[in-house]
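Two complexes follow with chain A in common, the first pairing it with chain B and the second with chain C.
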Partner chain A sequence: MKREKPQSFNSVPIKERLTIPRQDMPEQDALLRSTNFLEVNLGFTPEQAVIEAQRCIECASPTCMDGCPVNIKIPDFIQLICKEDFVGAAEKIKEDNSLPAICGRVCPQETQCEQVCVVGKRFEPVAIGRLERFVADYAMEHGSDTTPVFQKPEPSGQKVAIVGSGPAGLAVASDLIKEGHEVTVFEALHEFGGVLVYGIPEFRLPKAILREEVANLETKGVKFIKNFIVGRTMTIQELMNDEGYDAVFLGLGAGLPRFMNIPGENLNGVYSANEFLTRSNLMRGYEFPEWDTPLYRAKHAIIVGGGNTAMDAVRTAKRLGADEASIVYRRSEEEMPARNEEIHHAKEEGVKFMNLVNPIEFIGDEQGSVVAAKCLRMELGEPDDSGRRRPIPMEGSEFVMDVDMVVIAVGNGSNPLISQTTPEIETNKWGNIVADDDGRTSMEGVFAGGDIVSGGATVILAMGAGRKSAAAISEYLKAKVGSVV
Partner chain B sequence: MSLNEQISSMNMDEILEMCIDQEQQAIDLYCLARDQAKDESSRQKFQELVDMETEHKVALRKFEIEKYLELPPADLKVTDYLLEPTLQENMTIQEIVILAAKREGKTARMYQDLADHFSADKKLNTFFQMMADEELRHKHDLETEYEKEFLQEG
Partner chain C sequence: MYKILKADFIAPNVKSFVIEAPLIAKKRQAGQFVMLRVHDKGERIPITIADSSSEEGWISIIVQGLGKTSAHMNTLEAGDHLQDLVGPLGLPTHIENWGTLVCISGGVGTAEALPIAAAGKAAGNRVISIIGARHKDLIIAENQMAELVDEVRISTDDGSAGRHGLVTDVLQDLMNEGITPDMIVAIGPLPMMAAVSNQTKEDGIPTMVSLNAIMVDGTGMCGACRATVGGKTVFVCVDGPEFDGHQVDFKELGMRQKMYKKQEAESHKCFLERQMKKLKAEQLAEGV
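And then the complex of A and B:
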């Protein structure tokens, strides 16, 4: 179905729009920020946002929406920015994405909406992510007077339990509360947000933003319960049979750290990225001694991996005072899955990159603390299934380097707790929950989405899966009422 | 005693029996792991391994490898430097794949040694070379799976 083109508020003639340079995001000075945990990117000014929005050429057939996993009405919100209706623009985004301030910060727009932006074919694409972030922040700061008041719908009388308060769970909660269902989010940790709170550092996603999004949902009626481990505190069966939940959504994420299985991984000073980042982010290790979580200040910290988690960990190590913080990655920079922006920021902050290197052993001292890493040099072979050239070890290239902290950031698996306590729910051989496109699992009334189904992916993909599941849960609950009547 | 020395004192039936015994040991190992595994996903993985090794045993008994004609893929060496896990109850799927890949690597080396030992006998050389290639192919498949699932580089 063809979309109706939004009303244009762009006063710049089309030809001139292409001469406007992409607006740079103001950011903290690299030297200064490498010593603090304040946000790196400072966000557009209103003037910059309007100029950037005016770069949109209002394509007859815009492709940007197709690049967004939740199909945000990008052309519409950009025109509202041109009109300087920033709160309206944020509301337009929220029709499809309940967490724009978060997605504007952590989504890989360069491989999604901005990658397919028509302007980007010849020039730099419109900075859609930065615009999303700007209007979301603006609305948070100024929008309380102009944001439409949430009208509570008629109660449906049906209860939904959401397990996990990460992006998938929050998206489900946001959609289902609008349907009048009684929605409760159960979180195993003592703060809400899942990977957004334990995984992503303050300098990339300030926790205040997350708390505000959670508070918004609470205002709408979503109930949040923390320190509640589904599968231990209560099983899914107990939630449904004893507590009367009509449906359950599982958005547990992929929080089980993976190690490399090389000698020395159990030495002191060798962390999984999950532990290291959780200590710093969730347990506020970066605010020690005000907070009680100590974190080691390394002379040389190496972080093994090349994804966004590795970048978060290495930049955290640097900020914690490491004299030297290095990425050790087995392929070359070209194959790194981390966002270019994160790589660029890490380099600016003094992070060293040791590419085409892979550790094969960690060496400890008499106290059992890591003091060195034995590594191998790699060379690139033929591309693998991911299309990236595969690293092959170079025989005889071993070398040893001094390190006193190691963080393993090679990926995460799914937590086996639910599959162990709920055998009715089918899992695949990797332990991920098997669900159809709408999140239906093999157990009636139980839905799942996000990383627990797909394996580690992006925030927006988890939200997209959550929204699909919310629609399916809604349908399921309606049918359930119908069958009772 | 090295494999070469062992082989020198064996007749062909004994060599084949040694190879079949090696495959049977692997089958026994994976059956044990399959029966001990607590989750379905690990059971599935072990069953796949049992099926693979059973095929090898059949090939050795028939002393023919009709379908293994492709050239072996490159040895990725992904698991070569990893610790060899001990077979036990509740192994993780990651440990299972490492164990299996390492076993395939060792068996490939055994067949390669046999192929080299019989370099003057075209039939025997080809047979053992193909068995070595087949084991390397399995190692490659397991290591590809390992890379995809456990080295996501997130």
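And then the complex of A and C:
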């Protein structure tokens, strides 16, 4: 079905639009920000947002929406920005994405909507992500008077338990509360947000924004319960049989960190990225001793890996006062899975990149603390299964460098808790839950999505999986009522 | 918030807490632990559950005031609240009828050994408890243990109660008397568990130890609690906390436990200074 084109509010003649340069987002000075945990990006001004929105050429068949995992109506919200109806634009996004202030910050737009933007074929693509972020922030700040009041739907009389309050769980909660279901989110930790609170640093996603999004869902009627670990505090069967939940969504997130299985990995000062970032983000170790959780402040830190998590960790190490904080990555920068923006920001902040290097051993002192890393230099060979060129050790290239902290950021396995306590839910050989495209697991009424199904991925992909599951859960609940009557 | 129903010192610097936690009380089994935070800027610490009542909806834990968080915890009294409490975590103790089960414990480990001794007895074992301490005042839960098991033996480093010596000496006495344990469970300070494991390895007596690693989330996410068991890295929070003592790399774990020694001392000092200021202010206020 062809979409109806949104009404145009763009006053700039088509021919002139391509002459407008892509607007730069103001950011904190690199030297200053490398010493604080405040947000790096400062966001567009309203004027910049309108200028950027006017760069959109209003394609007859826009491709940007297809590039978005949750199919946000991008052309529509851009026209509302041209009209300077910023709150309306935010509402338009929220029809498809309940967490725009978060996605506007952490989505890899350059490989999604912006990658397929028609303008981007010859010029720089419209800065869709920055626009999303701007209107979401604007609505948060100014929207309360003009935002339409949430109309509570007719109660369905059915209860859904959501396990995990990360991106997948929040997306499911947001969709199902609109359907009139009673929705309860269970969180094992003491704060809500999952990876958004323990994994992504304050300088990339301020926690206040997350808390506001959670509060919004609470206002709409979603119940949030913390310090509750499903599988242990109560099992899935107990939730369904004793507590009367009609359906359960498992958005457990990634699990145990992977290590490299090289000597010295259990030395003091060798962290998994999960631990290092959790100590800093969730536990506020960077404010020790004002906050109780300790965290190493290294002089020479290396972070092993090339993903966004590695960038978050290395930039955190730098902010904690490291003289030298380096990325050690076994391939070249071209193969790095991290977003360009993160790599660029890290470089600006003085992070060193040691590419084509792979550690083979960590060396400790008598107290068991890491003091050095033994590494090999690598070269790239033929492409491997991932399509990237395989790193091959160079003979005789071994070298040792002094380090007093190592963070291993090479991905996560899966949390074993559900397979330990609910064997009827099928898992694959990596321990990930097996689910179909709509999130159905092997146990009736139990759905799953996000990293626990896909393995480590992005916030928006987890939200996309959550939205698909939410639709399937709604369908399942309707059928259930039908079969009872 | 989680209400403290009872709080009593049971030995110098060692306090027993009964905490309202109906859901945890209903599910917990021997050997499991909770993660807790004392206040809103607090760290998450793991503590083994000593006892519980599902009917009355409480769990009990024993806290030795060694560092900042445990010292802070021990200033709390009945009626106060904990900021956060989650559990029960970890795999429950594997219990079966082995024949003769010897529970060896030291320090607050004795309170943590109670549920295992009780479960062992219920499974039909002859249960012998060996309790070790530096001094007789530091022995806890001796009477509760005596009610559960067939026999309790004590050792103290200074000879102030029971046998003058270590728990390993008492174990040797048992063996000399012709009592060969079919299973040993050791809970307490790391050096004690290491010494017991070392001794029983030669005799081939199965020995289970309950490891107390540093944790952050405690739910299988961060990997802080890793230890080497049988040459492989394990995560104490979800693979344990109990492991085959003969396979554990105690030296590595001992070093890992000291990872934040410096920071812990700094944090503890800050806390004590704040407490001192508070006390002085209170005194001053009373004086006026």
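Please note the rule applied: the second predicted complex is superposed on the first by the 485 of 485 C-alpha atoms of A that agree within 3 Å, B and C clash if a C-alpha of one lies under 4 Å from a C-alpha of the other, contacts with A are read in each partner's own complex, and residues count from 1 in each chain.
By our rule, contacts are C-beta pairs under 8 Å (C-beta built on N, C-alpha and C of every residue); 3 or more make two chains touch, one makes a residue touch a chain.
Computed from a predicted structure; not experimentally measured.
Chain B and chain C, once both complexes are superposed via chain A, fit side by side. Judged by the touch definition given at the top, the superposed model places A:D384 against chain B, while chain C stays out of reach. Chain centres taken from Cα atoms put the angle at chain A, between chain B and chain C, at 70 degrees to the nearest 10.
Looking at the shared chain after the overlay, A:P289 reaches chain C, while chain B stays out of its contact range.
Using the contact criterion defined above for the overlaid structures, shared-chain residue A:N41 touches neither chain B nor chain C, since it reaches no partner.
By the touch criterion defined above, A:L417 reaches chain C but does not reach chain B. Once the two complexes are laid over each other on the shared chain, residue contacts for A:T184 go to neither chain B nor chain C. Of the two partner chains, chain B is the only one that A:I392 touches; chain C does not reach it.
Of the two partner chains, chain C is the only one touched by A:N268; chain B is not. Contact with chain C, but none with chain B, is seen for A:F228 once the two complexes are overlaid on the shared chain. Closest approach of chain B to chain C, taken over C-alpha atoms in the A-based superposition, is 6 Å. Shared contact residues of chain A with chain B and chain C: 261, 416, 420.
Note for the complex: chain C touches chain A at residues 23-24, 27, 37, 41-44, 68-69, 83-89, 91, 216-217, 219-224, 226-228, 233, 235, 238-239, 252, 255-256, 258-260, 263-264, 266-267, 270. Interface residues of chain A facing chain C in the complex, by the touch rule stated above, are 188-190, 198, 226-229, 232-234, 253-257, 259, 261, 265-266, 268-269, 271-272, 274-275, 278-279, 283-284, 287-294, 367-369, 415-417, 420. Put simply, chain B touches chain A in their complex at residues 38-42, 44-45, 74, 76-77, 80-83, 85, 93-95, 98, 144, 147-154. Put simply, chain A touches chain B in their complex at residues 258, 260-263, 273, 305-310, 329-331, 336-337, 360-361, 376, 381-382, 384-386, 390, 392-393, 409-413, 416, 419-420, 426-431, 455-456.
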